[in-house]
Each structure stands twice: as C-alpha cells, then as structure tokens.
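What follows is a set of structures for review.
Here chain A shows up in two complexes: once beside chain B, once beside chain C.
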Partner chain A sequence: MPRAGRFRQRRADCISWWCETVPALCAVPGAIALSPVILTGFALVVAALLGLGAASAVVHHHIPAGATRRRAAAAAALASRRIAALGSLGVCGLGFLLVLTYLLAGAGTATITLPLGLPGLGVPGLGVAGGNLLDGTRYDGGITLALDGLSGFFLLLLMAAGAAASAAALDGPGDTDATAPFLPVFLAAMALTLLAGDAFALVLGFELMSLASFALILTHHDDATVRAAALLYIGMAALGAACLIPALALLADGAGWDLRFAAIRALPPEGWRATLVFVLALVGAGSKAGLAPLHVWLPPAHAAAPAHVSALMSGAMTKVALYLLVRVLFDLCGPAQPVWWGVPLLVLGAGGAVLGGLRANLENDIKALLACSTVENIGLIVIGLGVALAARGADLSTLAALALGGALLHALAHGLFKSLLFIAAGAVQHGAGTRLLVRLGGLIHRMPVTTVCVLVGAASLAGLPPSAGFAGEWTLFQAVLGGPRIGNLGLQILICVVAALMALAAALAAAAAVRLVGVAFLGRPRSPRAAAADEAGPRTRDALTGLAVALAVVGLFPGAVLSLAEPVLRRLVSAGLDDRAGLLEVAAQAGMPGYSAAGIALLGALAAGLVLWLVRTLTTPGHRDAPAWDGGFGAPPPWLPFGDPLTQYGGASFAQPLRRALGGALLQADEIVDMPAPGETRPARITVELSDPAAWWLFRPVAELRARLSAFADAIQFLTIRRTLSLMFTVLVLFLAVVALMEQL
Partner chain B sequence: MMGGLQPGFGAIGYDLAHLLGGAVLVLSFALLYQRRLTAVINIYAMQSWVLAAAAAWQGWVQSSAELYVAALIALGVKGLAIPLALHRIVRRLHIHRAVETALGIFPSMAVGVALVALAIMVVLPTTMQTQVLTREDLSLALSVVLLGHLMMITRRTALTQVIGFMSIENGLILGAVGVQGMPLVVELSVAVLVMVGAVVFGVFFFRIRENFQSLDDSHLDQVGGAHR
Partner chain C sequence: MTSLIGLATLLLHVALMLALAPLLVGFIRTIKARVLGRVGPPVVQPWRDLLRLARKQPVVAENASWLFHAAPAAGFAATLAAAALVPGFALGMTTAPLADLLVIAGLLALARCLLALAGLDIGTAFGGIGASREMTFAAFAEPAMMLVIFTLGLLMGTTNLDAIALVLREVTVGLRVSLGLALVAIVAVAIAENSRLPVDNPASHLELTMVHEAMVLEYSGRHLALIEATAALKLLLWMTLIATIFAPFGTATPESGPLVWLFALPLWAVKVGALAVVLALFESAIAKMRVFRVPEFLGIAVLLGLLAAVFLFVSQGIA
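For the complex of A and B:
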C-alpha cells in the first residue's frame, strides 16, 4: 500500500507540475506573439495544399475543346501534375521557412479553433480545478489546431521531405499523372495530423493520409502486384484505424468527452484504461510506422508506389505515425506512467531492427531493400522511445531526454536520407529501366550527381561517422548504454540484450548500404540498359542535392538540431539536452567529452588529403591498363567489351553469407538446387525462398482464420430451408436450456 | 370471476382450463405422429377447436367479452376455414400420400417429450410470483410452440411445415388467452397475420407444384444453389 500511495503522490505532483509549467512556457515573451501567427500560417498551408489537390483534379478532368481529344487529355494530365507538384513545392518551401522560424524562436505553444468540425458536440469548457486549460475558450465542437515543439519538429521534416518529393514529381515519368492530385492532399493530411489539437482532427488527418497514400500507391493499378500491395496496405490502415480511434475515444472518455488535447492532458488516463490506451496506440501507430510484426505491408507497398510517393511514405508518413506514438504515450497519457511501458517498445523495436536489417541485405529490388531498411530504422527509433519511456517512469529525466532526443534526431535524419535514397531509386528506375540489382551496375559513370547524393545518403544509412545517420545512432546508443541504470535486474538485462541487437542491426544496415552502392552504382553494368542509363532530370537532381545538403548540415551540427528539439524534451521528459548538446559537440553526460561531428569531418578531410598527396607524390607517372581480376574466370569474349558482367560479385553473392548465417533461423531461408541429370543440357538452377516470420506467425494464421470464418458464413448462408429452421430452433432450445440451468443453480 | 383470482387444484376454473390446455398439447403430439396429410389437417382442426373452447372458457372465467370474440375467430378461421382450404389444396394437388419425415416418428416423439420437460423447467421457476394458472398455461403454451417448431423441421413437405407453423400460432394464442388483460387487437393482428401467411403459402404451393411436380422443398435448394 505505501508503494501505491507514493505512486499516487508522485502522480499528483507530476500533474500539478504539468499544469503550472505548460502555461508558463507559453508566457515566454516573444514566443507567445509569434506562435499564433505561425499556426495560422500552417492552417493556410493545409488549406492551400487541399486547394491545390482540388485544382489539380479539376484541371485533370477539364479537357479544352479544339485539339484532338487524346492530345488534349494528355496535356490536361500533364498540367494537372505540374500544378500539383509545383504548388506543393512552393507551399512546402514556404512551410519549411515558417517552421524553421518557429523553432528558432523558441517554439511556444499556440491553439486555434476552426469554425468547422463536428456539429452538435457542444461540450462546455471543462472546469478543471483552477482553470488550467491552455486557453479559456469554450469547446464548441470546432476543429482545434495546435502547434508546439513536437509538432514543429516533425513539421520541419515533413516540409523538407515534401518539397523534395514534389520537386522529384515535377520531372517524374508521365504515367504518374493520373494520381497527381492526391500528392498535395497526402501532404495536407500529414500536416493536419501533426497540427491536430484534438482527437477528431487527429483521426481526420490520419485517415485522410491513409486514403490519399492508398490512391497514390495505386498509380500503376494495371499491375496485379500493385493491386495486391495496395490491398494489404489499406487492410493494415484499417487495422490501425480500428485501434487508434478506440484509443483516442478512451482518452476523451477519461476527460469527459472533451476531445481537445488540453483537456485530455489535464485528466490523463490511469490504471487499466491507460494500459488499454497504450496497447491500442502501439498497434494503431505501429501498423502505420512499420513496427516489427506489423511491417509486412511496407516492402510491397513501397515497391509498388511511384518513387516520390515511396519517399514521402518512408520519409514522412512513418514519422507521422511515430509522432502519433510520442504524442499519445508521452504527452496525452501524462508523465506518471509505469516503467514497464518501455519494455514492449524495446522488444518490438529490437526485433524489427534486426529483421529489417537482415531483409535489407537479401532483397533484390532496391526499393524493397530501402523499405526493409526503413523497418530497421523505425526499430532503432522505437528502441529510443522505449528507453525514454522507461527512464521517465524511473524518474531518470536526463537519460530520458537523451533517449528521446536521439529518437527525434534519428527520425529527422532517417526521414531525410530515406527520402533521398527513394528519390534516387526512382531516378535509377527511370534512367536504367529497372530496380533489380542483378541488372544494374556502374551507374556512377552515367549518373554522377545521383551517385554522389546516394553516397551521402548511404553513408547515413550505414551510420558512417560524420553523417546524419551516425549522429542519430550515436545518441541512441549512448542512451541505451546508459540504460542499465533503469529498473530491476530483468529490465537491465533486457536493455543489454537490446544494445547487442542494435549493434547487430547497425552492422547489417552498413552491409546493406555497401551492397546497394557497390552493386548498383559501382562495378560494371550488368545489362545493356544499365550501361546506357540516363542521369536524373534537373528537378530530381535539385531535390537530391537539397536533401544531401540538409543531411550534411544535420550530420555536421547534430547539437543544433537537438537544440531545436529542446522545448519538446523539456516538456515531455522535463529535462533538456542544452547542457550536453552544443553547436559542435554532443555529449552523453554533462561535462564529459562527446561526439564532435565537425571535428571528425575535419580529421577525415585531413587524412584524405594526406593520402591523396602521398599517392600523387609516391606513384610513378603514367599508367598501364591490365585486365581486372575475374574471380578465376577466363578472359571475356570479344563481344563483351566490359567483360562478362555476370562474373562480378552481385547482389545475390553479397546476400549469400548473411543468408546462410542468419536467414535460416530468422527468415526460414531455403535454397533449392535443381541439378540437371548427367547428359542433360539445361543449366542448373538455384532458387531461394524466404518468408518473413511476421507473415508466418501472425498473418498466415489470421488469414486462415478469416478463410475458415468466411467459409462457415458462406455455408450458413446457403443452408436448406429446413436446416435454417433447425439452426434457429437449436439456438432457441439451447437458450432455453441455459435459462433452465441457471434457474436450477 | 370465480377462478381468475384464486385458482388452484380442485377449483373448476383451474381444472377445466388445465384440461383444455393439456388437450391442445396432446393434439400437438398427435400432429407429430400422423402419417397421412388429411389426418394431419384434421388433427390441426381439432386442436383449433379445443383452443377455441379454451379461449371461451377463459372468457367465461374472466368475464371478458373479448375472449369470446377470440374463441369465435379461432373456431371460424382456424377450425373451419383454413382446414377446409387445406383439404381443397390436397384434393387439387392429389397429395394424399404419406407424410415424408426427416426424423423418424419415435425420435420425434422422444425429442418432443424432452422439449415439454424443458418448457416446464424454464417456465415454472421463472414465473414464481405469478398465479398458478398462468404458470401452467404458459408452460403448456411454450410446449405447444416448441412442438410446432419441431414439426416444421422434421417434415419435408411444405404443407406439413405450414401446419407446424400454424400450430405454433395456436400455442401463442393459448398462452395469450391464459393471461388476463391481453388486448383483443393483438389477437386479431396475430389471426390476420396467420391468414395472410396461409394465403401466401397456398399460392406458393401451386407455384412449387407447377415447377417441380412435388411439394418436397429440397427441390428449392437446387434453385438456391444456382445462385452461389
């Protein structure tokens, strides 16, 4: 009992602290004046994006009289795509500047209520003791928009990724015209989700996001695999909605059906209600983010969508789902939640990280490869969130701040580099005609700009030191390595195991990055089409360059990015990183030496210059061409000027050792060797079968259950008249028997 | 007003009502073991007469003019009109042959006895507060309903199923007349409903007969299967 009493006391302390601090943060001079203006600006951004979608759709269907109908239709489709992409580019650029200003100005909170929303839901403003709601307005059912540091941080990523994807959409292939109007709608929905200040706006934005992305995935709907991927995707989105809406309803129910976040924050859930909210939010947001057992939709959906859409889905949409997770678990559920909330996040995150990393090494399609790597990175970020939750529950605020800061930093870095890599994958598909590693190779000669940008992105993917990816992973690792101070022995051991799995996942990601760059961009082309690849279009090159520059900035100055997240950390885990994250150096503990990206970059540049200088001075002038080592194969025939490309190390060759070492246990990898009989002239074949454990353990049983249930329903539907009557009669008699039995007892 | 308020064993109001209700139940069992269609229709007519007598007796006991009307309706419509119409259908369709059963006569009877036991076990304990007559009456009525349902599912031809259906309705009326204060309009509406049902079924028989030269409803299943 004293333990429970202490807990209740701590909860009361936390809530009172909460209600005092939040308005105090709003009262920072300067911030309070700017925030409502910025928020209004973002409301206009959402409206403008929705308007762009409508305008683009109207143009698409408005075919002017005069020219031949077919040509006019094509022109209208092109104009519709131009309007959607160019408009989104402009609006996102503007939004990026807005949110950067907002974050630099201190990220004060602001709330506005739109005069539209749920009608007839007139709940008067909740009279919490002392009137501690953020604003004194009455709740009239209008949509509430709110802006704070958390939404600002994710908006920064969304606007950057949105601008890049819109630019890439500008000179994308013409077959994406049909769904062009959905691009701004998708962006608007994600922005609305991030700006939502009440549960209704959140669900509205989240579901609009699902539907718009569903339409975008279906761009090439004449392909059956695309349709199957989209169906799987919308099924998972429905599952997410079926969990998310009850979670928010439970939260609102605890707050007297006031849907606004301010009201929910004032009356956070407790006990079984909080646990239920936790589980539902984890499934609802996790299914959209690609958290471990619910990640199955990710590789097929990303492979099916056009490249700029995959970039947005992987770079921004999964982060919006993570935002939702942070918003519900850290913000709306209040600061006084138990330590064990971190455990499911740690376990699922570690599982997803290893599984995604391993699958990224085995995929042959570069977009599926990148999607699997997204699963891995989401796993890493979720581990950070888990550590932060557990540390906050154990009152280790500084550790929680480090973990949450690392998660946010890595989310930003991953959003940027994964957008870059997906846009580059689209450029490769457009320029070299394929996404399969077995047909690519040597693209560095034909696509130099793309390759340089991909190298920057792949450095982040691999977690190489001065890159943005390394900064995020380093911070996460520091948090996890500091984790053994949390909780009891079981949790400490779990965190140690998670640290080991994280290291494995990071190594697998590095291998996947080497495989991607080495097979697709270096070496010799493996097909004539790859040998004649075209460089990406000018707008795509701009997008790639812009993202690469942004990645370089984030990678060189991670402390500056963390300082943008400072208000979030202060508010959610009541500790910041400002004593540890300077402009040039990020340290795990105050006063200790830390990671200085700029210093490492300087050292690396010096070492590279030294090596270059040595090579130049020590080598003899002139050079001699000699045949490359062919791995023991004979000289290539004269009609293959680049040598026989199939004798190169390929994607499958890279994958084989890892598949043999880990694939058997984790992915049920199975090699089937089909040897011809002696004397037969057909070639021997080796086929590899993989199956994701989530598909095996979760999706197949569910699908079987559904098939059995529907077969049963089908059988009941077509019973004979007499059997139908018998069924009803049996039910009636059973009911009566139960009644009689209950009377006897 | 002699039996309605203070019934009990030995009181004439209770005993006669009990006897009539029991007779309806016995006739329900009789419906279950008939092997010829005309006999089934005749038993049904007899059940309706006994029902009319029960209603009239209740009308006298409760001094209610409405129950006399209900008795007249039961006698006129279900005791005379519907059996006559069914006899006509049988004659016109030439289906005097034996009733086709899906469950044998003896198992049907055994299940019927079990159903009566179940009805008594359900009704008697749940209606502990009400009058004895009401309780007995309700258990008899529930037994008749269950037996009618049993008849519907253990007979193959549509005509016997219709008789099972109308025997269910008899059970309902039996329950209704035993309870004081049942409005006449409810009984009238039930009676009209049964009339409409009988007419619809009558039309339906001829259509089935035209299409399949039989009233065995398993032919209908083949039609239903075509839509799968």
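For the complex of A and C:
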C-alpha cells in the first residue's frame, strides 16, 4: 500500500514537527515543580474571586453620606458592578494564562491541602483505610485541592468564558447591578468544583455554584416568569444535590471515609455499589448539564438570567457538570467497569440531541433557542462519553481516547461558541429591546460587528467546516463510526441508530442556526425598535471578537487542542491521541488520512480566489439597486417603510415544515386553526401548542404526585380536634399492634 | 513525481469539473426533451446562459446586506472546494488526504446554509419559503447520508473517499446487499440535494412549486450565473461521487501515469453520462411530490441506509 505509506510519512512528519517544536517551546526544566505553583495560583484565583464578590457586596451597601440617597445608591450599585466585572475580567485573564502555561507544560498533577474544611473527620480511627495515601500524610478533613489535566482542560474553558462574560457584564445595562456581587462568586464556585481534590470540596463548589447562579437568575425577580424559572432551577439543583451527595458518599464509604479522590481512586467501587454510583452521578450531573430528560429547566432559566450569566451557565456551568460526570465515571469509579455503562449515555445523549435540535427550531425567544441548542450539544458530547465508556469497558483504549478526546474538544468548542451567542443575544436585547424573533430582523445593518461574530458562532452551531463545531462533531462522528468494533450485535445496531440521530441533530442544528441568523439578523425589521437597534457596547464587542478569534483558532487547529487534552486521555483511558492528532490534522486511526481543518481552509481560500478571479475576468462589475422583486409583489404603501410585515417569513413560518414533519411525533405539536366564517371581519388565527415529552412523561406525573401529597398533608394539618384525636389514637393502636406482633415473632 | 502527477490531476480535474458541469445540465435537458418528443435546446445552451447572465449587471434589492452579495461567490467556492475533493477520472489527487466524506458533506452544507441565509436576507416571502424547505429537506437527507458514510466506513475502515475508492477499485468486494441498499439511499439523498424531481422541479417557473429556485428568486445577473453554475457543479459532483464509489473500475492512479488518463477520462464521461441518462428518464417518468411527502421519501432512504449497516453487522459480524 504505497498510498497509505505516504500518508503515514506525512503524518510522521507532522508529528515529529509538533513533537520537536512544542516541547522545545514549553518543556521548562522544572515542569514537575510548575504544577504546585500553578495550583497555588489557582487557589489564590478562587480566593480573589470570592474576595471580589465580598468587596462588591460591601460597596453595594456602602452609601457615602452627603449625596441624595437615591443617586448615591445608584452610584454604589454601579461601582459594585464595576468592581465585580472588572475584577473578574482581570482574574480570569490571569487564570487563563496560568492554565494555558500549565497545559502546555505537560499538565503534571499537584495536590495541596488547606488548613480548613470539614470538622470531625480528623478524629483518629475514622480515616482508617486511606489514612496515609498521599505522601504519608494523615487525612485530617482539610479541603484538598488538586490539579490535573482534566481540571486544567475545563479550567481553560471556564477562564475564557469567564473573562468574556465579565467583559460583557461591564457594558450591561444597569439593571443587573443588584446581583453583581454574585458573578465572581459564581466563577469562584465553578473553579473550586474543578479544582476539588476531595468529595467535600467538590460538593461545596458544586452547591455554591448552584446557589450563586440561582441568585443571578433572580436578577429580574420582579418578573413572575423569572421567579418561576428560578424555582424550577433550584428544584433541579436540589435534585442534583440529592443524587450527587449520596453518590460521593458511596464512593467515600468504599474508601473508608477518606474523602480525598486519591483514596477513592485506590479503592474504586464494585458491583451494585458501582452501579448505584453510576446512576446517581448520571442523574446528579445530568440534571445540571441539561442531559435529557432532565433538561426542562434550561430554556426558561437561560432566558430568565441576564445574558452574560446565561453565557456562563450555558458555556461553562454545563461543562462543569460534564467534568463532574467524567471525573466520577472515568476517574473515581476506576478503570474496570462494564461495557453497558455506555448504553444509557448513548440513548440519553441521542434522545437529547434530537429533542434539543428540534426544539431549537421552534423557540421564539433567541435565548431559549440557544438553550435548546445547548441541550442538543450536551447530547452529542454525552454520546462521545458513552462511546468512550463502552470502548474502555471493552479494552479498546484507542477508540476510547478518540471518543473522549472528541467529547472534550466539542465541550470546549461548544463552551466558546455558546458563550459568544448568549453574549450576542444580550447585545441584541440591549440594542433592539427584545429577544423575540417576531420582533427582530435586519440587525446586520445596525449591528455589523455583532453580526459577523454571530456568524462565526452560528457556523460552529451548525457544524460547518472549518469551524470549531465541525471539528468537534467530526471527531465525535468518527468515534461513533468506530463504535461497532466494541462488538455485540445489539450495541452495534444501537450505535448505528445513534449515528443517524446525531446526523439528524446536526442538521436540525444547522436549520436552527440559519433560522436564528436569517430571522433575527437578516431580512427586514419586524418592529420599529429593531429598525433602530444600537450596536453592542465596546466591551461587549471586545468579548465577542475575542471569542470569535478563539473559535477560529480552535476550529483551524483542533489537533493542538486535542494535544492539550493528551495527559487526560492517557490517564483516564490509557491511550492518547498523539499518534493521530497533530497540529494540522486529526485522524481517526493512526497512519490514515483524517480531517485537516487548516488544509480545508486553505483549499477553500484557493477556491474563493479562483472564483473571484473568474468573476473579475468574465463578468460586468457593479450592480444596480432596485426595490425587491418579490415575485412581482406590489410596492408597499408609504406608511409601511419596511414593507408589509406579514409578507416576510418569520421564526414560526420558517420552522413550520419541521414542526409538521417531526413536531407531531416528538413534541405533540398541535395546530389549532381558527378560520372565521365567510363574511366575518376577524382575522384567521393559527395557534401551535407544543409540549416537551420530558415535561409530559416525567415532570407532570411528579408534579401531580407532589400536589396530591401536599393536599393530603394539608388535610391532616387542618383536621378538627375530634378527628385529630381519633387519628392519633388510631396511630397509637396501630403502633402498639405492630410492637405486639413483633414481640410474637 | 507522484506529487506532480497529483497536482496535474487536480488541476485537470477542477478544470474539467468547471467546464463540463453546465454541459451535463444541457445534456440532461436534451435527453428529457427527446423523451418528451421535442428537439430541445443544444447541449451548450447552459454555458451560453451562464455567459449571458455573467455579462448582465445584477439588480439587487435596496435592503440587501453584504451577505447577499457575498453568498453566491462563497457558496460556489465551497462547492468548488468539495468538487476538488471528489476524485473523478483519477485517484491520488493532491487533495486526496483531505477528501473525507464528512468534510465533503460539510462543505456542501456550508454552501446550502449560505444560500438559505441569502434567501432570507431580502425579507421576501419566496426567499423565506425556499430557505425553510431547503433546510428541512437537508435535515432528513443528512441522516441518510450519514448512514451511507457509516456503511462505507465500516466496510473500508476509513471515511476518506480516496482511500475508499482505492480499496473498491483494487479489491473485488463483489455484489453486496449492503452496498446495493447504500446505493439506493445515496441516490435518494443526491436527488434531494440537487433539487431534482420528485423532490423539487428544476424547470419550474411557478413560484409555489419551487424550493431551491424560490430561495434564489431575488438574484439576477452575475450572482444568478454563479448560483446556476453552483447547481450544475453540484450535480456533476454528486454523479462523480456515486460513480467513484459504486462504479470504481477504470480510474487512473498516480502510479499508472498520465497515459492511462486516455482511457480513464472517456470512461468517467461515460459513467456520468449513463447516470445522466438514467436521471433524465427517471425525471420524465415521475411527477413532483408534495412538500410534506419529501420527509417520507427521505425517511425511506434513512431506513435503507440503516438496513445497509445492519446487514453488514449480521453478515460479517464486525468486531
């Protein structure tokens, strides 16, 4: 096979270039000593963010004497927001550089123990099993922070998204001042979750993250829908905690109540215990990540929160939940887990991907649309995790590395482009006064910079080459294509169906991206406010541009990103991608041609050059402006400066074919047509009702059960004295009867 | 030496694709006219139309944005890049290592999304209806295409088109049920992607029955020329793709040298010509289906693609 040989040669050249250049750049002699320094730096980052939150809160309530009270309060609120946002921007920027250095230097592991933490665990005799695992130190209940490749990879995303969101928060309208102190706390909590080296720190960070984001969602709490969304969100967060804490407790129990990950790792769970941990972790982390069917909170919560907060929640927080899933399933549960663990992930991931993709086409609020697309992307990433788990269980470590690498790459890409799109949605809301597609249109003329950045993000959303989203989806597709090697006919057919559903989800996402850009940013304005929209503020523009550049870099050099994840892959699935992911190319199998984003971009540029040259030489330059042809439709009357609004396709009409083809089956879409009789003057109306299957099958029964239970409790609470007494008497008799029975036995 | 031959092959391939695409459209129109008992326009008519359109200054709606101006050229460039990846008469072009099937599908999707956005840019009803339907059809065509790629990937162990074609050319795979099912599925996808009957009528000039043509209704002059050229190039690309995978015999390789091109070039023309005749006969015999029948049509393609992969598992037990 001379051709394959040539590919191998090219690949080898590529790899050797990469291997020679990059370590030379970054293999600092003290690479191993670097990690503790970076970890200490990150402990300081967390502390600084918490401090910023406190400072911001103090400033918020410290109103100087003298000035009129109202103006002083406004000034204090503004100052508090400035402190929180500017401080977070600086700290996140520093953190980004820190973690990039760490990852480039080879991502060695480091652990530090803080002299504060959970009391009571230091008692001798409790920490028996894992007592002196870490360099001979006893476990005294202090908080352990740890840094490894996995935390580092997710910290990279968190710091990038955090910096962009903080920059956008600087510009935001004043109505987000009230909750400004929670922004750095939210960031600190996410960083703490990623840095946690023991179960206590993990739960502490995770729950602080839930509470801080809950407060941030409630920024516009005077709106009833916001309150309802926040309530749903905190309910789901409570469910997550109720699953996560027992899962970690089970893990710690197996390790003799040494909460440190190192101890848990040494004694991973087995049998029913492992299965229970798997289910609890899946529900606990899945509810936070937006994994179907626990995704119901995402659209309302993301729509309710201020834009930079939605950007963080969708871009970073769902990834923190995924980090948790990876940490528990791949790391803490040990390497010897069964193949079937991948199956629930594949099924739920594929279901969520299609459901999210379809719902993204049907939402009218652009932030709800983006949230549904998050559900779709989380589904795709979880499919990758499922393949990785199943492949690892079947000892196919190269396939597992590809799948996990694809999941990480797509998580990074999604975190970046979803942050970009949410920040842009905030800019649209600020500039055009609304987030509803039916009121937007034509923003490309009024918001040119935002539109270009949104196009970059939407290309990733739609998974078009050579965007970052395509690189992630390509790698995930390749992993799924390799899936049948795991064996077992049932699993093979499942993977085949999953591949088709992934393609369906990707195509639905492309339709959603076209709908988002085409309806909101192109076309004619649908409201006067949209016609007079303002461009985003300068800091927001910087944030958008920065994220767009980051996306372009990730899109053009996905192999470089994967090489940052190399230590993680080596440790978690005991195989890497360094034989397949070079700077310029990512391949599914070593020695075979793969996907070269830079090559495709170069080819596209050459093709564009050729086309431009042909156009220059063959065609007449210039163009003539005229009213739109529109199939010969008459010119609009002068009182409609943007034409008749009803003759323009909108969000609902764009989605109509998809709604009719898929909505009926998946979302119980129901069209109610109200057609007036001939002669009546009222307009005809078409109303569409949708309901998410998760809401229908899962949440409605639970809500009904809760209502029934509370009605029952109410009934007991308000009994008359006579009935209360007879009830207590009955209970007493029953109790005595049971005791008597037990005596008999 | 092989790299030089690869470059020469690529340049000749791209030039031929560009030159022959409009002729292919003309050829299909002529055959269809003959079948219907008309004489029909000459085969070079599409080329004449393109040049005529190219000479005309486009008339652009007043509220058009830069995207409307850029989309035809960008869409053409994306399609051309995809065309440079699909080997026609010879394998081993310089672009062969890039020629991943998913990338080719992605580049075509890029061109489609650009045109759909341009269709929405003016804010007219027809642009919107065309864009909406085009994206809907794509949503159903992609899973079928994915399953075909999946089947090929399982059979050949790679999704690189050049490598697949090389294996298919050298190893006698024989008549396989999976490949047959995949062929039917990819033909259905190709029909939908190229807006041919029964999914869409390329000859329709009644707005309500148009999908692709409705989307580009606002375009004129050189913009329209680029869009027509894109459509023609895409048709040739798909026919070449199908011929490369399912009739891989007789293609030249870098080792065989340029002399083999003398046989390979006419053979490629014959393969594409045969597909064009089949398409013309098929289109003459069938009526356009309702828009909401299209998902069912493509749904059958998805099922066939699924069957193709499942047959593969059952027959050989990939492990």
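Throughout what follows, the second predicted complex is superposed on the first by the 668 of 745 C-alpha atoms of A that agree within 3 Å, B and C clash if a C-alpha of one lies under 4 Å from a C-alpha of the other, contacts with A are read in each partner's own complex, and residues count from 1 in each chain.
Throughout what follows, a residue touches a chain if its C-beta (ideal position, glycine included) is under 8 Å from a C-beta of that chain, and two chains touch if they have at least 3 such contacts.
Treat the numbers as computed from the prediction; the structure is a model and nothing was measured.
Within the superposed three-chain model, A:726 lies in touch with chain B and out of touch with chain C [touch as defined at top]. When the shared chain is aligned, chain B comes close enough to touch A:718, but chain C does not.
Using the contact criterion defined above for the overlaid structures, shared-chain residue A:607 touches chain C, although it does not reach chain B.
Touch counts on chain A: comparing chain C and chain B, the chain ahead is C.
When the two complexes are overlaid on their common chain A, residue A:739 makes contact with chain B while staying clear of chain C. Shared contact residues of chain A, touching chain B in one structure and chain C in the other, are absent.
The part of chain A that touches chain C in the complex is made up of residues 2-4, 6-7, 10, 441-442, 444-445, 459, 462-465, 470, 474, 477-478, 481, 484-485, 487, 489, 492-493, 496-497, 499-504, 506-508, 510-511, 513-515, 517-519, 522-524, 585, 588-589, 592-596, 599-600, 603-604, 606-608, 610-612, 615, 618-620, 622-631, 633, 642-643, 647-650, 653-658, 660-662. Those residues of chain C lying in contact with chain A across their complex are 2, 14, 51, 54-63, 65-67, 69, 73-74, 76-78, 80-81, 84-85, 92, 95-100, 102-103, 106-107, 109-110, 113, 116-117, 119-129, 131-133, 135-136, 138-147, 149-150, 153-154, 157-160, 162-163, 166, 207, 217-218, 220-222, 225-226, 254-255, 291-292, 295, 302, 305-306, 309-310, 313-314, 317-319. The touching residues of chain A, counted against chain B in their complex, run 718, 720-722, 725-726, 729, 732-733, 736-737, 739-740, 743-744.
In the complex of the two chains, the chain B residues touching chain A come out as 102, 115, 118-119, 121-122, 125-126, 146, 149-150, 152-153, 156, 161, 217-218, 220-221, 224-225, 228.
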